[in-house]
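Labels run A, B and C following the written order; every chain starts at residue 1.
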Amino acid sequence: MRRNGPAALVFHALFVLFMLAPLLIVCIVAFTPEGYLSLPTRGPSLRWFRAILNYPEFVRAFWDSLWLAALSSTVAILLAVPAALAIARYRFPGREAMTTLFMSPLMVPHVVLGIAFLRFFTQIGISGTFTGLVLSHIIVVIPFALRLVLAASYGIDRRIEHAAISLGADTATVFRRVTLPLILPGVVSGWLLAAINSFDEVTMTVFIASPATVTLPVRMFLYIQDNIDPLIAAVSACLIVMTALLLLALDRLFGLDRLFVGSGKG
Amino acid sequence: MSHLVLDGLTKRFGSFTAVEAMDLSVERGEFVSLLGPSGCGKTTTLQMIAGFVPVDSGTIRLDGSDLGPVAPNRRGLGIVFQSYALFPHMTVAENIAFGLEMRDVPRAERDARTRAAMELVGLKGFADRYPRRMSGGQQQRVALARALVIRPALLLLDEPLSNLDAKLREEMQGELRQIQRSVGTTTILVTHDQHEAMALSDRIVLMNQGRIEQIGAPDAVYDRPASAFVASFLGKTNVLRGTADGRGAVAIGDLVLALAGAGSGPVQLAVRPERLVLAEQGLGARITSRVFQGTHWLLGAESAAGPVMLMRANDGLPVPKEGEAVHLRFAPADAALLPGGVSA
Amino acid sequence: MSLASSERSAPFLLTGPALMVFLGLVIVPLGMTVLLSFYDWGQYKGIVPEFTLKNWIEVFTDSYFFEIFLRTFRIALLVTLATMLIGVPEAYILNRMSPAWRSGFLLVVIGPLLVSVVARTLGWALLLGSTGIVNQALIGMGLIAQPLPFMFTETGVVIALVHVLMPFMILAVWASLQRLDPQIENAALSLGAGTLTIWRRVILPQIVPGILSGAIIVFSLAASAFASPAIIGGRRLKVAATLAYDEFLNTLNWPLGAAVASLLLIALVLITVGSNRLIERRYAQVFE
């Protein structure tokens, strides 16, 4: 393979700048000592980070989002593992249609899902509840869980399971001792990707969140709708730094390209 | 009573018949190979014995009892898979001990038997290695030890050597044979490799299109093929056209041989290239090709009875050149009469 | 238990739970939404479950709605073209880097995907504001005298969406680049092709399916984007998603909002399924 020329490297540098600029500017502005949006030309200050603590709604929304992400991605993975195993190894009527259905939350605009859930939850009387949030988030993160578990399941040599059976293992033992350990990397990365997507989801959630149950991205969105100030920059900066740390950890653990290539997000 | 008896075993996939009414008896301690081209039904037969493929009709009996209703994990058979199918997340020792664990063998005995099995296959000192970090030959040994350690009633080998390179394969053949002899486990080998089947087995079962073509000891099957298919599948062979006169003589070109049971009319004879010899007179032929193969020359010739191949030992004597006219001969005992009308 | 019957029922037992969840939580709510779009609504009477076509007639005949949908798809098209023009060369450059550099930059390129869209769009709001960095830099360089209006304009929305959706294009192109035989460029070179010819005749034809599938993803996500247009575009510059939001949460005309959402869903399904079909037929051999 030939090397990149100087023109290509200049293009690449500009591209990286383009990708990072909005994230960097948020982190820089968050350190301003002034009471308005500005660059911290008089030296960095932590006043806006301290100010977050005076807004408990941000802190509470953060913990609610974390809890919501953990709960919905756990249920999603519990549904995705058996479904992925069935899709990967059996040929049965409706298999294609079912796969399309399970991946459909990626295709259906989240605005439409939000509206559908708002209407549905209002009808069955759980509108604005945490239960409603969890149910809706399970749906939108299942595709991520399913895709990674599916990839892991396709990779299994069924003769390894046959070997375990021939050595005397029953169905439950084969699953516990052989199948599950073999798909575990897919299960863990699927859970993580599902949790991250649940945590970040804003478009659908904005329809079904209520003042009592609001996620961090929705709270931030509603705040920005009213006004943009250094406080929201500080909140965003915290989020960006946390995501960056998580990203580095994920890269170490799984390799990002393996986690993402072939992945798409709604 | 035979150890393993297959009786009318049949398997269909849709309209395709993979195995048709197969009958086979295997004696205790015997090493039997199912040999044939891909799609001949040999692997399906093995999978039915193992219990991974349901049987359509017929029975499989082991020591007189029907295996049909027995779940695959209760059959107690040792299987070595083509891909070895080792558990990648377990060490060598854990792989081998797995079957003993399933049988609730006490810890101390489990360890002792695992160690003994590793010694048997020459893997002493590899206990804590993971399969991924081993060569193909070593993985093969782990798979064999894992299958043997449960003291199976039957050892099933599914193309176990096909993933190894030629030299290693030959080595493992010898070792496999020696291990099987020493533990005395009845063994069924599935293979498409005739050399492997001939080197390892007590008996060969030659299969084609779901049916058994011939059963017999390797040398018997090789020397006296029962059909044109067997003759052409096992080693190289010449099929010669001749005419029987109805009084026990067959004319192949200018060569006339006494062959009992030839009947009368056109016949086909199978003769191995190494049994065709150059002579002063006999079947007239012209040499068309000459390939040196170290221990011998392989000669191609066009004869009055069709194209033939013959081997000429590299014994220092002159070898006929391309285009040279020669005469060929063979002993009546070296010719196998093929069932009429079949052309190879 | 017979092997055959358990093998037959296993897939249905395994997919059963997920299937029930999807029937109950996707099919039923979507069906109810479509149904809702045929209900009547009034300022004082609220939602009346009587069949009417008036919402659909309004959506199709009122030029206000036509303008918003036109803007939505114009923005989506521009975003798709921009991600293609920038993302394809960038993916190619990434693919030619040494593995160590590549995995580092892959973090930079894909990483933003995991950062909340709200935080990323906030960054663009800070950059593009009239006193933002971009305008200050452009004035500083003497290129413009007056700050350019980015906020509350389509240009601003397009820029932010290009940033938000770029990783999808890179990932799609990257996946197809990885399938290329690394020797193929050398093969073309040995036959006397120049750099441009190699690109046009050898590389591009092989990655076109990847580019197009990336384009479909980017287009449908751009057309249904909500947070970025809402923050950068504001109340004045509405797109389909923000329009539906306003109908539901501000005007409270749910049936009309449901009609807007249904139309968006149907249009996007038709566009993505249609173009997928076209691509698959056109590039059947390449996909094999």
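By definition in this document, a contact is a pair of C-beta atoms (placed from the backbone, for glycine too) under 8 Å apart; a residue touches a chain by one contact, two chains touch by 3 or more.
Computed from a predicted model, the values in this text were never measured in an experiment.
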Q | Top chain pair, ranked by number of contacting C-beta pairs | A | A-C
**Q.** Core chain by centroid distance, with centroids computed from Cα atoms only
**A.** A
Q.
Going by average Cα coordinates, which chain is farthest removed from chain A?
A. B
Q) How many Å are there between the centre of chain A and the centre of chain C, using C-alpha atoms for each centre? A) 17
Q: Could you tell me the distance, in whole angstrom, between the mean C-alpha positions of chain B and chain C?
A: 59
Q) What is the distance in Å between the mean C-alpha positions of chain A and chain B? A) 55
Q.
Where in chain B do residues touch two or more of the other chains?
A. 72
Q.
Give the residues of chain C touching no fewer than two other chains, as numbers and ranges.
A. none
(Q) Could you list, by residue number, the parts of chain C that touch chain A in their complex? (A) 7, 10-15, 17-19, 21-22, 25-26, 28-30, 32-33, 36, 86, 89-90, 93-94, 96-97, 103, 105-127, 129, 131, 133, 160, 163, 166, 168, 171-172, 174-175, 178, 182, 185, 217, 220-221, 223-227, 230-231, 240-241, 244-245, 248-249, 254, 257-258, 261-262, 264-265, 268-269, 272
Q) In the complex of these two chains, what residues of chain B are touching chain A? A) 50, 52, 72-79, 81-83, 85-89, 98-99, 102-103, 146-147, 150
Q: Please name which positions on chain A make contact with chain B in the complex.
A: 157, 159-160, 162-170, 173, 177-178, 181-182
Q) How about chain A: which of its residues touch chain C in the complex? A) 1-4, 8-9, 11-12, 15-16, 18-26, 29, 37, 79-80, 82-83, 85-87, 90, 92, 95, 98, 101-102, 104-105, 107-113, 115-120, 123, 135-136, 138-139, 142, 196, 199-200, 202-203, 206-207, 216-217, 220-221, 224-225, 228, 232-233, 236, 239-240, 243-244, 246-248, 251, 255-257, 260-266
